[in-house]
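Shared chain: chain A. Partners: chain B in the first complex, chain C in the second.
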Partner chain A sequence: MTIAINQPWGPEVPLSRAKRAGKLRKLLRWWPLAILGIAAFAAAFPYLLAPLNPDLTHLNARLQGPGFRADGLKFLLGTDDLGRDVLSRVIWGVRVSVVVATTAVFAAGVFGGAMGIIAGVRKRILGPVIMRIADMVLSIPFFLLAILVVAALGPNLRNLVIVLALVRWPRYARVAYAQTLEASEREFVRAAVALGARQLRVVRRHILPEVLPALVVIATLEVGLMVIYEAALSFIGLGVQPPTPSWGSMLSTGQQFVASAWWIATFPGLALFLLVVAVNRLGDLIRDLLDPKGRI
Partner chain B sequence: MVRFILNRLAQAALSLFGVLTVVFFAVHIAGDPVRLLVPQNSSAADIARLSRQLGLDRPLVDQYWTFLVHAAHGNFGYSFVLDQPALGIVLTRFPNTVELAAGALVFALSLAIPIGILSAVFRGKWIERALMPVILIGQSMPVFWSGILLILIFAVHWHVFPSSGQGGLRALILPSVTLGSLSLATIARMIRGSFLEHLNREYVRTAKAKGASASRVLLRHVFRNAFLPVLTVLGMETANLLGGAVIAEEIFAWPGIGQLTVQAVQSLDFPVVEAVVLFAATIYILANLAVDLLYGVVDPRLRHEGNQQ
Partner chain C sequence: MTLGTVRPTTAPLLEMDDLSVCVEIKGQQELALSRVSLSINRGEIVGIVGESGCGKTMMALSIMGLLGENSKIVRGSIRLEGEEISSLAPRGLRRYRGRRMSMIFQEPMVALNPLMRVGRQVKEVLTIHRIGSRSDRRRRVAELFNQVGLSGSVIRARQYPHELSGGMRQRVMIAMALAAEPALLIADEPTTALDATVQAQILDLLLEIRDRLGTSVLFVTHDMGVIAEVADRVVVMYAGQVVEVAPVNALFARPMHPYTGGLLQSITGPLSVAKGQDLPTIPGRVPSLGDIPSGCPFAPRCLAAQDRCIEERPELGEVEPEHTVACWFPLAAPVKSEAGGSSSIKSDAP
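For the complex of A and B:
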């Protein structure tokens, strides 16, 4: 039904059906939530979804294509070079992506947000110092910085989160800083200050609620990036270490066998792509909701 | 304007100093390279001698100072692995990175400009609806997956392009497409946004009212104004690409500085790591600086504003 129902001169359409179609279309806009729901479920309960043990090697079933059967087991998406089930590893791999991305975004958001608000409130010395440091971090190519720091601290889950937070906090700091400055000029904040409210109270009661939506928008747009960076660092061997299944390291194996076993790289890549598309699209939707004027 | 330039230069210098410091300390908590260099069963005396030779036994502050002085002279010492000057190795690799970056930019721009403009002009029409997914996909496609897929299809399956290495235009195509697709999405988005903002402006209406053709309005009036903010993004993208396309170079075994970074980090080759990261950061900072300064040239309004201050 693509008839222009809003125009009074348009052909008559049963309103209920048109309304229902509109509602359905509105609902369908939130398709990313479905993908993210599946991802969250897989991250929480991978053992419920994965058909086989992701770390178990089947040496008589190495590099077998999708649908291969051996020992009464079925490898739906094939096996890797050690005979491990690709499907099960893809499912378990969600865990690393989701955990690293969300904690890194949370850490960077809280730290960067706090720094930005402090910089916006303490305008004399501390503020400019913080913002200069933020500018400096932003002016370093941050994938190189991340490689360097991971290499220095040693590759593991915790350090991965630290590194990603360390290179991304300035983005939140800048937004929080701008929003704090803007909010400080608003009348209700000035009134609170004039009434003698202490700074901490002003920040907590009046400034924070103004800053938070902007931080949420940035955070949702950053999650996809963090998923990609986690996978990229794992891809060059600086992420989560084997045998823990991670999409990045699976892609790296897949690249070695690209000529003989296409499925090893294709499926984790597809999962990664779907997750990132869903996160980015959801980020756009949330931005439209929280920031209709596109100020951030 | 002069004040603005000086301010920007000071900021760039400060950034460089920051990078130097971060690089030095990150590299020195990374581990002891001497243990990797000597044979497994060498004596403690041998290890001590080699560390003295490389200057790794001196106090950290002392080493930091020497490092700063040497870095200012472009001297990062000899590669532990290749026994050549570290900066020299980086410089021999850099032209390859430039070649790849140029390829990626040409690919990205040649598609981003039409996609961006068309999706802005035909907003809400099927053209926009067909083009927006291209942007979303380009933005979400991880380089290391699209690279592998391209190899799979064009190198393994159809044998059209070589799967890795450098050599001629044919070898450049797959890496450029892989690397350029993210820039393509970013630039197209920016162009679309900027065009949308300008299409409703009064000068556009005036131009149309005067009877200017649609293409003239778009290319002569809107394009000039709307392309300005795109320039910033373009500069950042260039800086990013030149700063070493680590993943793309790794996938296609492209001998640029990105691949060098990974190799150096994996073999704990400190001098090369320091040299390559600093070199990339310098390029990145300078490219961003150049864009900011270029702005004053392209947009006379900014120059004027600066004079008034």
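For the complex of A and C:
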């Protein structure tokens, strides 16, 4: 067998089969986008996808297995203990997961990033204070802090986001801090100072562009974790309150019936698994793009 | 804004008087610059030479107020156009930086932001100092690019630093430094990282800028050849002290300090050394900050050192008009191959 090499000066060689397969494989690496696309669509328009009203109870069709039909309705993934359609609830449940995870990541990223940059620029007093607070937050057990905040503010969607942001901002702060210190040592930052730029301008023009890619990488890796944390909080009843469908609370209900009605916990669990794997995989791909040297 | 009006005075543009800078190393205060005095006139190019670690860059940074957090000025004054700047807070100093004095750095590769188009980086300086309107600034950037010899200024301005060669990048740096028409340009080894031919072009550019704009230049280098090319006056530094100051011709014709003599002998060139002969070097190396000798700092390496050199530190004294040297036994004649042959001429310094 001869190996054909495409050379600009040589005769045009058609793409070999191996090369085409390689291209396909490259494209297929982006499968998480497909899953996330579906999830985003479901979060935006759940009523287009869900076959039934997720909150409507069918008391004559409680705890029925997948594929159950009654009154001309089909429950593809079965019903829960109140006779609600599991499939519709799983579809509507995406909404809470996606909204909470993205807003929490955004809030934590913006706050943590700002704190880290401030700490990196004000090295004398404010910086160490911020970073020690960050260390302290990291040392508080997550559930303890969550219970405290929810107990103080009450359980709802907004407070769920606050809790998650409060717990996770130090991670962004540490990365932003390290990147800011590194960037401040760069010669062009010193040159900007030597030409009369004030600190705010230096940060905006020269430091922020260095810090931002690192924050984006962390953020994409954090989204999956936020999905799980949201589910965990809803599972123990500190998150979204019933009857709003959320995967965490569905898992919590399903747990009581695992032996008799496995489908109640299994399908939201699967959905959770798929979403988190897709998000994390996408995070890895984005990191490969933004941080090819693996510095973060 | 137009060119800053040149005040009709003969007073020096920059006066550095008796400046001492301390650096904290492992909890100890070490003197990095010791009682350095220097003056630069308008339109003058002053070269500072010395080996690495002798305080050249430290001096440049203390003028700009860019000393690191571990260093501080402990004594003396720096006056720019008669105004004291060594004691200014960063806020006050900012108005001087870029506007009345600016600096170009050694490595044009890293002194430009890789994420920003070079034209934008030049324009930044104009924005910082609120010079002109938006359209004025764009025009001024093109003008500056032409001024520093970057042809095709419109295309160049839209390029990123990685698309330019080292020499072009250094030209961009110079354009940035000149954007706000400073009276003083500090060039810290601006040609060290460049090829010899590009180096010559950049030196020509600096000379041209001086002639055209009347900008004073403080040129920091360790290369005697570069000094010979551009400087009007030369300050030789050793271990944080000024050891000799002279107009460039006098310095090359009659170096008075044995250290200057050694530096001049170590210049490489096609005819400087006979075939098979070693290049003359100065034995030993610059003392590190903690252990600068209490007498003449150069004494341990000096071939002509005597007891007095080790015991007492010589002060700068004038040996001929405009030529001062800090040495107990200055060289008299142009150096011969036996470096440091002691001389009979004594400085009139105490």
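To be clear about the criterion, the second predicted complex is superposed on the first by the 281 of 296 C-alpha atoms of A that agree within 3 Å, B and C clash if a C-alpha of one lies under 4 Å from a C-alpha of the other, contacts with A are read in each partner's own complex, and residues count from 1 in each chain.
By our rule, contacts are C-beta pairs under 8 Å (C-beta built on N, C-alpha and C of every residue); 3 or more make two chains touch, one makes a residue touch a chain.
Source: prediction; values computed, not measured.
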Inquiry  = Let's test your reading of the overlay: on chain A, do chain B and chain C clash or fit side by side?
reply    = fit
Task = Check the residue A:L148 against both partner chains and state whether it touches chain B (first), chain C (second), both, or neither.
result = first
Request  = Quick one: the Cα-centre angle at chain A between chain B and chain C, nearest 10 degrees, please.
outcome  = 90
Inquiry  = Just to be sure I read the superposition right, which of the two partners does A:L27 touch: chain B = first, chain C = second, or both, or neither?
reply    = neither
Request  = On the superposed three-chain arrangement, identify whether chain B or chain C touches more chain A residues.
outcome  = B
Inquiry  = With both complexes superposed on chain A, which partner does A:V277 reach: first (chain B), second (chain C), both or neither?
reply    = first
Message = For A:A70 in the superposed arrangement: first (chain B), second (chain C), both or neither?
response = neither
Ask   = Which holds for A:F188: it touches chain B only (first), chain C only (second), both, or neither?
value = second
Request  = Could you say whether A:V129 touches chain B, chain C, both of them, or neither, answering first, second, both or neither?
outcome  = neither
Task = Look at the superposition and give the distance in whole angstrom between the closest pair of CA atoms, one from chain B and one from chain C.
result = 9
Key: Overlapping contact positions on chain A, where the chain C interface meets the chain B interface   = none
Remark   = Listed in rising order, chain A residues that touch chain B in their complex are 132-133, 135-137, 139-141, 143-145, 147-149, 151-153, 224, 228, 231-232, 235-238, 248, 251-252, 254-255, 258-259, 262, 265-266, 269-270, 272-273, 276-277, 280-281
Ask   = What part of chain B is in contact with chain A in the complex they form?
value = 11-12, 14-15, 18-19, 22-23, 26-27, 29-30, 136-137, 139-145, 148-149, 151-152, 156, 163, 239-240, 243-244, 246-247, 250-251, 261-262, 265-266, 268, 273, 277, 280-281, 284-285, 288
Inquiry  = Which residues of chain C touch chain A once you look at their complex with the stated criterion?
reply    = 64, 66, 69, 94-99, 102-103, 105, 107, 110-116, 124-125, 128-129, 173, 176-177, 179-180
Ask   = What residues on chain A touch chain C, complex-wise?
value = 123, 186-188, 190-198, 201, 205-206, 209-210
